[in-house]
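Read through the structures below before going on.
You will see subunit A twice below: alongside subunit B first, and alongside subunit C after that.
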Partner chain A sequence: MTHPRVAGVGLTRFGEHPERTGRDLFAAAGLGALDDAGVDPDDVDALYYGNFMGELAEHQGHQAPLMAEAVGLDVPATRYEAACASSGAAVREAVTALRAGEADVLLVGGAERMTNIGTAGATDALSIAADDLYEIRAGMTFPGAYALMARAYFDEYGGSREDLAHIAVKNHDHALPNEYAQLQKEITVEDVLEAPMVADPLGLYDACPITDGASAAVLVSAEYAERHDLAAPVAVTGSGQGGDKMALHDREYFARTPAATAAAEEAYDDAGVGPDDVDVAEVHDCFTVAEVLALESLGLYDPGEGITAAREGDTHATGDLPVNLSGGLKAKGHPVGATGVAQVASLTKVLQGETSWADDVGDAEVGLAHNAGGTVASATVHVLEVVA
Partner chain B sequence: MTETARDGAYDDLLDAIEDGEGYYVECANGHGSLPPRRVCPHCGSRDLTEEPFPEAGEVLTHTTVSVATPGFSEDAPYVTAIVDFGAVRVTGLVRGIDPEDVEIGTTVGIDVGERETTGERAVVFRPR
Partner chain C sequence: MTHPRVAGVGLTRFGEHPERTGRDLFAAAGLGALDDAGVDPDDVDALYYGNFMGELAEHQGHQAPLMAEAVGLDVPATRYEAACASSGAAVREAVTALRAGEADVLLVGGAERMTNIGTAGATDALSIAADDLYEIRAGMTFPGAYALMARAYFDEYGGSREDLAHIAVKNHDHALPNEYAQLQKEITVEDVLEAPMVADPLGLYDACPITDGASAAVLVSAEYAERHDLAAPVAVTGSGQGGDKMALHDREYFARTPAATAAAEEAYDDAGVGPDDVDVAEVHDCFTVAEVLALESLGLYDPGEGITAAREGDTHATGDLPVNLSGGLKAKGHPVGATGVAQVASLTKVLQGETSWADDVGDAEVGLAHNAGGTVASATVHVLEVVA
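And now, the complex of A and B:
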């Protein structure tokens, strides 16, 4: 097998750290991953780094060399930007390079500083993942965009705000034992339904919080892992990426995300698995409805069936297909450029049996990570498996 | 580029809509899109013409945005909708209807209005 291994992972606690600079956040996550991996930092070939709003939040472009320096690496460093799928895209590029034999050890990660610019500033910065001329100038915000998708979903398939509320409740419950999560707080369906509206039909508790944080993972070639006798049982066995029209109005269906379907099909083929083989998933639930769209686009549920999965308990840790055991974006938090690698970090821990939910989940062997940008004009999907 | 530079075909389109001569881009296969286009985003056709917007279209989905960006702070709450004009679909602000009364299927026409917050022009939909 030549699948790249996840040798180590590192996260900052996700949350409100408005005074912490991006470089400080990433240094903590990056050094954490290097220490966890136990690799010689001199062996790292390059940094693949995801970040979305650095120019707006920190007046800082060209962040990758800055981040490499922050973790003490003198290596080529490149920033990947695909809105909220930025570090998912970085993972994909790293996997490709490792498979091609272009590198043996890569640091992959992402960081985002958001709360320093406030809710209005972050809402503005997030909105630029949409088409400026034809969406933002028409009042589109990201909650607004997902609200348009939610209403279209209800119209096409049925479902209710209460169904969505169960997703928020489930993901908050999952985050309770996660010390890295921003919102370790139990909530009820009533809390969700009674929260102030952000963009109807989505309220405050349908939305992920605004988050500062960073994530990192050390990915190594299988050969390197073997040569150095690394304890790295989890491999990235499948990788896929999909694209779509930038503007929601140019898509045929507003309640489907074909970019994620294309990414998933590619990743499943790559890994030689199918949706039925997936034991656990981390999906991009920036809003409650986004989890539904993800489950259906990934082939885990048929169209129209994903809306009740949380309500029926299927996607809880105690259910058949635990989804977002970390708490997801909804409760763990969503420092956008860090999210894709944070999903890989969380899944790696779950597959290694290192989760507070291990007794409920049992021996999970196949994990799926779904990272989405914009209204899913970009999507990456990765399959992680226990291979050693 | 300065902040006052026009955004080419976008501002040309808004001018045309203001003059009652709004248009979209249609390819040889009947797919609609918004300018500027050199190629149809749906099929790759480079055989493009400008076609007038129909008098009215139907709301496909809509939302009332309560938490706005700074550029829309004084507009909030406001309604954004995607409207189907047949070959082409457009996102815009819904004006002239109580937000509570906007529904999927509501019939509107395309127009240009101004943001209350900044005075900038925007695509708006009004009842027909």
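And now, the complex of A and C:
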């Protein structure tokens, strides 16, 4: 099988842009990706678009054709929604279509407008990623759900708020040179521990911010890349998806995310690599504890070992396995529907050696992107490799 | 290429079920489809699910894993949203995955809960299928948009409200023996013409009702069908999708729907058939005039010729090209996210000879399903054929 290539990527700066519409944000990212790829826009076969809360934030469904039009494309367009894994799902379907020979050039991306409806509005909109009948109406919030997962983890494996704080500190440090990141701000372990508590044991600095932004990538078939002599050395060599029961109370464990494990196993198998081959990863750290659960569920660390990875420096740019070099959701920001493709965009740049951390990271050849929805009732994993 | 088979289908009765949640509705349809298919539920690889307005009607996004759980499946699940073409988009992606060998058995379906939020709530939710900034805020409604399209058609080709009325009468007649239909009620041309005007020239009986309901189909690879000796004579032999500018004012014509034409051309080409080969069709008749636009855009009638097809009896069960034998959206009902797969379910039964109209229809071998989103900014077309 020949693997689809990432021909180009585009991002808006993540942050607070309440005055910019979703279509304005996505147009910037989409045109940026097309420009970066250097492909003829007329060659684009379709748009695969991820968005999560447009109905509530912009009173706008049916966004995919609107976004195609915003980028100036007259192509079929479909929106994928899997909560925070929406554009991860879009990447997966695009990879399937390219492999099947159904298309040669696909624009894949996502956008989310969140800050225009305020913190209360965004918090309400985010809650629809959980089970409304049995979780949200009972008073659960997302910080509350991840706090339960953190408590379960501490109970089963040990660990402390300070261990988690090191994850926040690391991801903020990674974001410092990232001009697309929302929070380019150095923080200390003390800052994290002294921040207001949101849902014990998670404080304000354990959570990602609320973010407006968009992301896009041009994925092309290997044949197209060759035919057009594109400089596209990074391929998506593995794709996987997993699902889980929606509500936490229906699951066997709170301290594991089997959907991510299923997605990772499928993606590793697909790519013919294993967790030991991964040089660099972008994982879904909507809360600090989510990074721990991801590292272990993806097989990058044994159960109980992920909690100290940041504290020990392993997952820093200067460590053995740099995780979230972009700053992650935590510091880069988390415009929900844009996050999955933003991870692919960030990884692509790292694998091409285009990162401020290049001196530390060296020649990374295998990257992994992990995008999760809700309390990981949905997960997608993609393996990216330098193939040329 | 071997074509995916429709191994089984399931529907809830379409109608007013304000007390039933989306998951309740979808569980019924999904389990019905699995039962009809006779496949081992453990063999299902993934759920492809269409839903449009769950965020507004049920305060519930991220519905796909919830629906997988409702059917008792522990599989990856993704939601597709393309307004009223949401589950048509799900079918298309499922077909791609089966053809690519990424899966052997897929549950595809959709659900919509609408009547629980009342007519005003549903009308507001439906409006997010149009351009909120430039159409809805300016006062446009969907009946208003289709009224503009009807007026443009009358201006360009002629035709009358009475011609349109015959479409409503035909589709109500078709629905009479359909136990899943919302409106099993005979109507006359006079009833249609005398009904309250909604948006001139479209009256109440020119519009589909507001509907709760769910649909599902089990699609399997040809290899799987053979290996398990399934009685699945109907295959999806062609798939196509088209897109258009979202807002009517950005389009060149109101009396054509190029997205449907693009989708049909792709699907015909894919299946190796032409419009003349189509024996029976389910088209997206959200308003009577939409059936006319569909017939012409799909190449089943020349421009200007579709308006009298129902009046002349051509598209009745007893005519040359039976259209909307299920009753169509007009009489069967239109639970938005469920409609695309419901069309496939209805066609499959017709092609298997399992329709009350079998004596009239005879041995139909090629069927066409046309699902449209908004004012046809999205369209999917599938060709179904009896292959065994």
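Methods note: the second predicted complex is superposed on the first by the 387 of 388 C-alpha atoms of A that agree within 3 Å, B and C clash if a C-alpha of one lies under 4 Å from a C-alpha of the other, contacts with A are read in each partner's own complex, and residues count from 1 in each chain.
To be clear about the criterion, contacts are C-beta pairs under 8 Å (C-beta built on N, C-alpha and C of every residue); 3 or more make two chains touch, one makes a residue touch a chain.
If you're wondering where the values come from, they're calculated on a predicted model, not measured in any experiment.
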Which superposed partner A:Ala64 touches (first subunit B, second subunit C, both, neither): second
First, second, both or neither for A:Arg99, with subunit B first and subunit C second: second
First (subunit B), second (subunit C), both or neither touched by A:Ala82: second
Touched partner set for A:Asp250, first subunit B, second subunit C, both or neither: both
Which superposed partner A:Pro196 touches (first subunit B, second subunit C, both, neither): first
Which of subunit B and subunit C A:Leu133 touches, first, second, both or neither: both
Winner by number of subunit A residues touched, once subunit B and subunit C are compared: C
First (subunit B), second (subunit C), both or neither touched by A:Phe52: second
Partner chain(s) touched by A:Asp36 [first = subunit B, second = subunit C, both, neither]: neither
Set of subunit A residues, in rising order, touched by both subunit B and subunit C: 127, 133, 136, 245, 250
Contacting residues of subunit C [partner subunit A, same complex]: 21, 46-47, 52-53, 55-56, 58-62, 64-66, 68-69, 74-83, 89, 92-93, 96-97, 99-100, 102, 127-133, 136, 241-246, 250, 259, 262-263, 373-374, 377-378
Residue numbers on subunit A that touch subunit B, as the complex places them: 119-121, 123-124, 127, 133-141, 143-144, 147-149, 151-152, 155, 196-202, 245, 247-250, 254
List of subunit B residues in touch with subunit A within their complex: 7, 10, 33-34, 41-42, 60-73, 75, 78, 80-82, 89-93, 104, 120-123
